[in-house]
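Per-chain numbering from 1; labels A, B, C, D, E and F assigned in written order.
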Amino acid sequence: MKILLANPNMTEAMTERLAQVARSVAAPGTEILPLTAPRGFPYISSRAEAQIAGAIALEMIAPHAREVDAVVIAAFGDPGLDAARELFDLPVTGMAEASMLAACQLGRRFGVVTFAPWLKPWYHASVRDLGLEARFAGLRSAEDIDGPVTEVASTMRDTLLRLAERMAREDEADAVIFGGAPLAGLARDLAPDLPCVAIDPISAAVTQAEALVRLAPRGADRGAYARPPAKPSEGLDPALAAWIARAP
Amino acid sequence: MKILLANPNMTEAMTERLAQVARSVAAPGTEILPLTAPRGFPYISSRAEAQIAGAIALEMIAPHAREVDAVVIAAFGDPGLDAARELFDLPVTGMAEASMLAACQLGRRFGVVTFAPWLKPWYHASVRDLGLEARFAGLRSAEDIDGPVTEVASTMRDTLLRLAERMAREDEADAVIFGGAPLAGLARDLAPDLPCVAIDPISAAVTQAEALVRLAPRGADRGAYARPPAKPSEGLDPALAAWIARAP
Amino acid sequence: MKILLANPNMTEAMTERLAQVARSVAAPGTEILPLTAPRGFPYISSRAEAQIAGAIALEMIAPHAREVDAVVIAAFGDPGLDAARELFDLPVTGMAEASMLAACQLGRRFGVVTFAPWLKPWYHASVRDLGLEARFAGLRSAEDIDGPVTEVASTMRDTLLRLAERMAREDEADAVIFGGAPLAGLARDLAPDLPCVAIDPISAAVTQAEALVRLAPRGADRGAYARPPAKPSEGLDPALAAWIARAP
Amino acid sequence: MKILLANPNMTEAMTERLAQVARSVAAPGTEILPLTAPRGFPYISSRAEAQIAGAIALEMIAPHAREVDAVVIAAFGDPGLDAARELFDLPVTGMAEASMLAACQLGRRFGVVTFAPWLKPWYHASVRDLGLEARFAGLRSAEDIDGPVTEVASTMRDTLLRLAERMAREDEADAVIFGGAPLAGLARDLAPDLPCVAIDPISAAVTQAEALVRLAPRGADRGAYARPPAKPSEGLDPALAAWIARAP
Amino acid sequence: MKILLANPNMTEAMTERLAQVARSVAAPGTEILPLTAPRGFPYISSRAEAQIAGAIALEMIAPHAREVDAVVIAAFGDPGLDAARELFDLPVTGMAEASMLAACQLGRRFGVVTFAPWLKPWYHASVRDLGLEARFAGLRSAEDIDGPVTEVASTMRDTLLRLAERMAREDEADAVIFGGAPLAGLARDLAPDLPCVAIDPISAAVTQAEALVRLAPRGADRGAYARPPAKPSEGLDPALAAWIARAP
Amino acid sequence: MKILLANPNMTEAMTERLAQVARSVAAPGTEILPLTAPRGFPYISSRAEAQIAGAIALEMIAPHAREVDAVVIAAFGDPGLDAARELFDLPVTGMAEASMLAACQLGRRFGVVTFAPWLKPWYHASVRDLGLEARFAGLRSAEDIDGPVTEVASTMRDTLLRLAERMAREDEADAVIFGGAPLAGLARDLAPDLPCVAIDPISAAVTQAEALVRLAPRGADRGAYARPPAKPSEGLDPALAAWIARAP
């Protein structure tokens, strides 16, 4: 099975780290194809940036849509997730959604811990989209980021551990999700020190993608994720424009 | 007061019609500045197209953000609304959100009538985003579009009237919103024949923008709509990139 | 445009203050007609008092229902709002509802700050009625009122400022509404010192009333706000009784 | 135990019928004290009328508040219920609320059947107030009332039976409440012909009042139903004004 | 009226205490028939134990289903409640559900206080089942149990009082329920020292059972609590197996 | 990876069919260990039966809890799911929950189609437990079962297909789940004839179990699924009793 791991951020090192964790949890025979955003932002951290990066994610998927079995949008907050599901007839998973769905099977309430406060409104939107607010224990973040974004998993390790502990004790979270691509793999590292289940989003997104591919769903002809009718466009990325125009 | 009416669709005729209706309801002294999308789609009709057009809406607003008092995103479904509110420190309204908020003051339950079924999942997302599902009577559309999209207000007039009547009688909607930019102004035309309140989205978006400007809100320093920190980018529209980079 | 500003409290000074703020935000050509309750309470502060004052609000509106374009019920908690909308075929707005709807366009979550704890259950009911609990960050009040109710905007200024700051920082409110007629105008005064958007309820109620009048809605023939059939009564205020009886 | 049965409608015959049904279900030793509204409407059938009649209900209770163990507000829609609970330190039950709470113990989903469409928005508000929309199967009514309101239990018997059957079969209601004071006792009459549980609101209100008195709750010193501080007033019913002023 | 008080715990002393409190609140003429679990656990305190004890509760009810007018499942958390309502055609009440429904008539928000943290996830499920989360102020418990479970009402009296006070002041609970069979009767003892309404679950369950019997509901032929078709089984308690098989 | 497929029904043929479908979707290296209930019912079809069968499921899991990596409770309705998660420190999935979580990644709204009406209240409870009512399009079933329960996948094939089509067209379900163990594998067979995504519950439960095992979650020390303290018992299955007593 081939899974496209599309990182809508432009940071190569982040993509490599995400791919490495993804491969470590994937089933035998699953191939991970990592892709880094060719334009946009080094690291998305707001809904404005996600609006733009979500469109870029579609540009990244279009040229590969016929070559892979599934797509993982490798940014917490899942930019472009609904749009990609509508446009492409293969399973698409997101790090936020997948980790929340896994969390619902490992605890009653889940919370999200992240490294910077400005990520919270964006991440909160994923909970609403999913319709899982009844299972949501809240979001906790440090007051401010400490060190370069690519390093926070180490520079902020203790802070994030303490936030997760508080989430388990004060917010009654049974499972804590470590949100944000730079935290890929951190959950497994912190799990032994936590009184609750710790969830790693990229691991959840990849294993959910595998699960969906095995279900072998036929794309719908109608409804929320039916592919829209062909549409002309101007000034868009050529591959994406061709896909939207249903050009041969 | 100056209000930028940003139509994220590329169809000039649609912008003109929207501006004409907007001016007919605006208060004395309100100036409407219409703008048509320079790239993208002739008419947005899916979440995938809205993901892209929402990013284009940001490109349209950036060069004018310092010249106007408020912005109306002139497409039902409100592409880029949250992103624009986060990025720009002035009131931004959307046709879907504004018409739903007006509807809540004119009836207990509101519904949305539109001209094509593929619009429904996208429009439904606006109700969820707003958190008003408890007031929502549902969405009704024709089985298929009849005639060119720019003409549906006339070619489909009777169909839309019947759908609105059913919505009032069968779905217990007290107010019906005629969703979709091509239906601008239709509500006033159909109102006398309806047993419920009929709401025109562009009129609602403009009058809500006026109301917000008069409240003279200071932009927040923190929270969901605080402007994100400066961020570099590559391959974006220059004016938007400069705004996001907080370049002087 | 003529807007009846009906203050269901008996305190003239409060009505004057409300009218002054209302005029300061109204559009050119909007005329504010202030009215003070002829009977009832100096200041409503419980649901029991609101039950009675809501009926008095109907008595105040009835004699003017044919002379004005819209009505503002000028007490936070909106006594008689649904009843007035049902009975009279013109737009009616309330300070609580209007400020919450404005808040939803200026932030993701809104909270309400007020000056006495016994107001909280009553004000909370407005959030439920509106169906906006998903957007609600909570209510904060001082432990007790300090000074005469007509003076709290000055005597309790610092306390209210601190409560609003806590609401922004601890409850993650993006917008804070200063609830209670005696706080009219306070939001604009405190805004520069707050990290969040500050909303003034009477300003919101008046600008929403203007917005609704411009939409020129036709009253519904059926549904939640359709005018009830004529009904005889005994022992009610004559003008209201005549209106309810649909007497010529 | 003494229970005040306060009918906020002015129709004596209705009060007698309500009292008769109430006595038929009350426990040994329970005394029912029926009271008919001295002013207001022959029969309340809208929220505007309920706003006024709710205030009249408070006037009816005030002179008896020290003589009885509990109060039943004997109109479906429960006019003045929250206000009465706040003002008087004894258990107060309502026909709508009590029947819905009983229904939740006899079925998963309950619906309400009534005789006229204009009652529906008012009755629906009781479901929202209670917060039980998750258990609510909907409201069904005849297209129009048939015969005098005091006679509908007989003139509309078959229509109401058919509506209840449809509610059980089409809306999946496990329990059907026959809403509206004129339908007192009808549920027991129709039960044998229905595939679902049939609930009589006045019976539910009286048995709930008995249940609450046996719990012997102490009134709260604070919170949603704490008695408000003493308050002066003008132009109100003397007994009610004295109670609100906490006059000796 | 005969009410079976089925304690799914194996502790006789607990049953006696529950029966004593039940008799103290029951109406004249109500007979309480106490029954202690013949197998299972001395005291249920988790959902796993409740899964098993709920099945045992059905075994306890089956032999008596034709002799009594109603059943009270005498364990907070209501093990087997839905199953019993489905299987037996008489009113069945639970201590958690009944106390929450009573609380809704005595305050706007209710909370639950109990003696051990591991009870919280189980008790929380009762709030969700009922669909009353909108009225729920939360659960508070001591950090750990102090003394034998049968003694906690005395050994932990002060701790529980303080928890209830905090619930009233910090969580804005208007009514506090003392959850857990060992706390039977404690509410009446603590009420005078609390600023909120205190509710005793066994008293609520018995008075609700009386209220339902007086409503004389006919069992439903269809829907959520219709008795399932006859079913063979192996290895179950003979009386229960016979009932499920609808053996004569 | 070893997955215990515990069928709480007593029908061997059903277990074989479930195991066959499970193996057809499992990843390379996944071993399916099927187990049939040693006591209870040939086929569970009510909440009363599920209450009992859920306890039996715990008896089935206990002797194998140390030998396997995950457990699938192989009955739609997920009897004993929460209890098993609390009691055993390994991932446990259920057919209803897993198929709903998969559906949320393949469509906006999901519905459930099954073969008999009495299954609906039980299956509906799974949607509520999960907290996904916002994504739920409803339940549809035939009026009555046609043929032996083990044969319904073939005897009722066309009926079930038509129900799924109606669910897609009338209820706007994007994904339809074929609920009930006897329908194992049917989704793949009907998918080509449906306008929506078709989901097979046992396939979803197995692939979700695999996904969770790959996440390698540590069991929580506290919270909703923490293992309860050791507890003595009488009259329970010895292996289960030993596990609950934490006997060595």
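As a working rule, contacts are C-beta pairs under 8 Å (C-beta built on N, C-alpha and C of every residue); 3 or more make two chains touch, one makes a residue touch a chain.
Per UniProt, the chains are A, B, C, D, E, F = Asp/Glu/hydantoin racemase.
Please read these numbers as outputs of a predicted model, since none were measured by experiment.
More than half of the contact pairs at C-D come back, by residue number, in A-B, the repeat among A-B, D-E or B-C. Of the two chain pairs examined here, D-E and E-F, it is D-E that is joined by more C-beta pairs in contact. Rounded to whole angstrom units, the spacing between the C-alpha centres of chain A and chain F is 27.
Chain D and chain F have Cα centroids lying 43 Å from one another. With centres set at the average Cα position, the gap from chain A to chain D is 51 Å. The multi-chain contact residues of chain F, meaning those touching 2 or more other chains, are 108, 121, 128, 131, 134, 172, 222-225. Chain D makes touch with chain E in their complex at residues 25-29, 85, 91, 93, 97-98, 101-102, 104-109, 130-132, 134-135, 168-169, 172-175, 188, 191-192, 194-200, 203-204, 207-208, 210-212, 214-225.
On chain E, the positions that touch chain F within their shared complex are 10, 38-42, 45-52, 54-55, 58, 80, 82-84, 86-87, 117-118, 121, 125, 128-129, 131, 222-226, 228-229, 231-236, 244.
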